[in-house]
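In the part that follows, the structures are each spelled out as structure tokens.
In what comes next, subunit A is part of two complexes: it sits with subunit B in the first one and with subunit C in the second one.
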Partner chain A sequence: MAAEAHSIDALGQFKLHTALGPFGASVNFTQSNLMMVIAAGLILALLYFGAKPRAVVPGRLQAAAELAYDFIHKMCVDQIGEEGRRFFPFVFTLFFFVLFGNLLGLLPFSFTYTSHIAVTATLAITVIVLVTVVALAIHGMHFFTYFWPKGTPVALAPIIIPVEIISYLSRPVSLSIRLFANMVAGHVMFEVFASFMVMMAGAGVIGYFGAAGPLALNVVLMGFELLVAFLQAYVFAVLTCIYLHDAVHLH
Partner chain B sequence: MGIRLGHASAGRWAGRQILRRRWQLAASAAVLLITAAPAWAAEGMPQLDFANKLTTAQVVWLAIIFVALYLLLSRWALPQVASVLEMRATSIAGDLDAARRAKSEADAAVAEQAKATREAHASAQAEISAAVATSKAAADSESVTLNAKLDQQIAEAEERIARARAAAMGALEQVATETALEVVSRLTGTAIDGSTVNRAVAAALAARAS
Partner chain C sequence: MDPVPDDASKSPSAPSLSAMGVGMRVGVELLATLMVGLAIGWALDRWLHTSPIMLALFVVLGGGAGVMNVWRLMAPGRMPGGK
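Entry: the complex of A and B
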């Protein structure tokens, strides 16, 4: 990545290029999309091979698949209520798509598709469109009372209503930027420390010892990034559930 | 129920506050990155390069892959896991039911056993007391007959003794009279009147008997 020894190209890792040779190039299939396909395949494989033994006492893979299922199912029912069962497959898809994107991105030579604002914004807009459609389908025109909380003085209407509308519309922005910024920040730090390590090592024997510092930092950072990968996927899924709860119950 | 829901919404509110704070942090980090990006790379962040057709192509492929993943998960993969979980739940419920049935059967058997033991105990006790009563009655009647027989024998013996005694007493009077007559005639050489002797002997015997 660092072509010249004296400049750190921390953002080059996010550059898109086509994958799968001329076939990918002909349909603009990027390496980001390849990672999405791999993530989707891994999620499906986990559930398929996990559910295959159909054992009453589960093995490791089956326990993992059941844990994944129960975790999201519980999240949906706890956050949304009994109606949450209907949204369970969507929240499951969302959580594991984001989680596998975050985790696969930590592997060397891979690509983090969740570090692209276009990807996270698409997911967030999908969530907000779904939430609005669900709210309209359940409550009809009554949905618009959402922007007018009960018991607010009429005099405050010109302030409250725009504030509520802006806060509603800022949901996809916060959802997408949170995930995108977390992923970008982590990967930029990896790149900066790694480039710094290479630069130090280039400075001779003393540099070898100096390079140990950034190396140790990157090791610590990897642990931290694993946490962030889970946390951000969880935050994304939980916020989706909270928005769905609001859509189903209107406050 | 209301309290539980209240807790849940309070938790959700606290969660939102934390998330809001996190969002502020993340947003400021993003702004920092976006403004600082040109300092690192002349072309800026590749993520914001919307002139690149790959950026939009990526979104189209994302939509295709995400929808395909959603359909495969909701129609094919998740129902499999659900059926495994359901199978386990039903098999556990069935096992619990069988265990509960077996337990109630065992309880009934134990109760029956206890009842039978109690009944056997009671009937044995009754039989024992009946046997005791019969044997006591038999012993009583036997002892009554034995006593009667003994009483009769005693009475007979007493009667015999009385008869013998009376006979002996009768004989004694005659012997005493004769002896007295003989003694008197030998000593005195004169015969005395038998009736006088008889009277004297009777008086002496009466005196003795009294």
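Entry: the complex of A and C
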């Protein structure tokens, strides 16, 4: 590679810096926070302007809002059961916060807040605390039989109980790692291929043709990342529903 | 997938990258349980001053929990009886 002084800095894109000039700097308001506010604003705008026309035959925006509502509502009822309606606002908020974070991160010059484990872990811990509180509120002390499946031989108790507890505690960990790892992996790949492109282009005329390869790869990757962005938000929401189902029905 | 009922796995986006998704989920599941086991063992050791014993024990239990989670993920159909 002829491009000197250009190395691949794949992780620099995840660095936080303060946004909104001196105002942001004085309260450590980072670009990550800014993206969260934008995402929240966009979700509220989608619902507000989507619901505003109240047309019998919905327009595009209203159709999108109704689709979003129906999609999560169906997910809640299917996965949790009739009690799932009570958790609809929570799951809806969670799904769209993650989805908009993933999707906004794909825009140039933006930032993917779901690529920080601090964010995903906070969401996952919120989920698991809610699930535990719901289970305790519904079942009381009976909740602890969750760690002692019916029909297990008593001799296995010293192994099964710690294993079940570890398995339960691993839920937020796997939930947060899955989302954050997917987002980081995708963005690192973008950066690496884009760096190849710049390096190739630095090699002269032949390099311009060579650079077409990484460019094509990045285009394909963008399509793939759109899918991953949706899929990871979906998986996050579905797993939340499954955990809530376990909490409501226990076994 | 986890104990996802049938209709969830039939959703439009789920099957398209199933192989990679499943591989990713198994990997994450094993890693997560191992990390939790490690954390519990380390904390117990710190508390009880039994330096390597609890760590060694809970890493093994964490690995076991990981295999159990993967089994629940992959088991042909949900186990009919208890969870």
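To be clear about the criterion, the second predicted complex is superposed on the first by the 245 of 251 C-alpha atoms of A that agree within 3 Å, B and C clash if a C-alpha of one lies under 4 Å from a C-alpha of the other, contacts with A are read in each partner's own complex, and residues count from 1 in each chain.
What we mean here is this: a residue touches a chain if its C-beta (ideal position, glycine included) is under 8 Å from a C-beta of that chain, and two chains touch if they have at least 3 such contacts.
For clarity, every value in this text was computed on a predicted model and none was experimentally measured.
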item	value
Partner chain in contact with A:A118 - subunit B first, subunit C second, else both or neither	first
Touching partner for A:I242 - first (subunit B), second (subunit C), both, neither	both
Contacts of A:S174 with subunit B and subunit C, given as first, second, both or neither	both
Broader residue contact with subunit A after superposition on the shared chain, subunit B or subunit C	B
Partner chain(s) touched by A:V198 [first = subunit B, second = subunit C, both, neither]	neither
Contacts of A:I8 with subunit B and subunit C, given as first, second, both or neither	first
First, second, both or neither for A:G151, with subunit B first and subunit C second	second
Partner chain in contact with A:L130 - subunit B first, subunit C second, else both or neither	neither
Which of subunit B and subunit C A:T18 touches, first, second, both or neither	first
Touched partner set for A:M189, first subunit B, second subunit C, both or neither	neither
Subunit B/subunit C common contact set on subunit A	78-79, 174, 177-178, 181-182, 238-239, 242
Interfacial residue positions of subunit A with respect to subunit C in the complex	75, 78-79, 146, 149-151, 159, 162-164, 166-167, 169-171, 173-174, 177-178, 181-182, 227-228, 230-231, 234, 238-239, 242, 246, 251
Subunit A-facing residues of subunit C, complex	1-5, 7-8, 11, 13-14, 16-17, 21, 24-25, 28-29, 31-33, 35-37, 40, 58, 61-62, 64-66, 68-69, 81-83
In the complex, subunit A residues that touch subunit B	8-12, 14-18, 27-30, 32-33, 36-37, 40, 43-44, 47-48, 50-52, 54, 56, 62, 65-66, 69-70, 78-79, 88-90, 92-93, 97, 113, 115-119, 122-123, 126, 174, 177-178, 180-182, 184-185, 188, 235, 238-239, 242, 245
Contacting residues of subunit B [partner subunit A, same complex]	8, 12, 15-16, 19, 22-23, 26-27, 29-30, 33, 37, 40-41, 44-48, 50, 52-63, 65-66, 68-70, 72-74, 76-78, 80-85, 87-88, 91-92
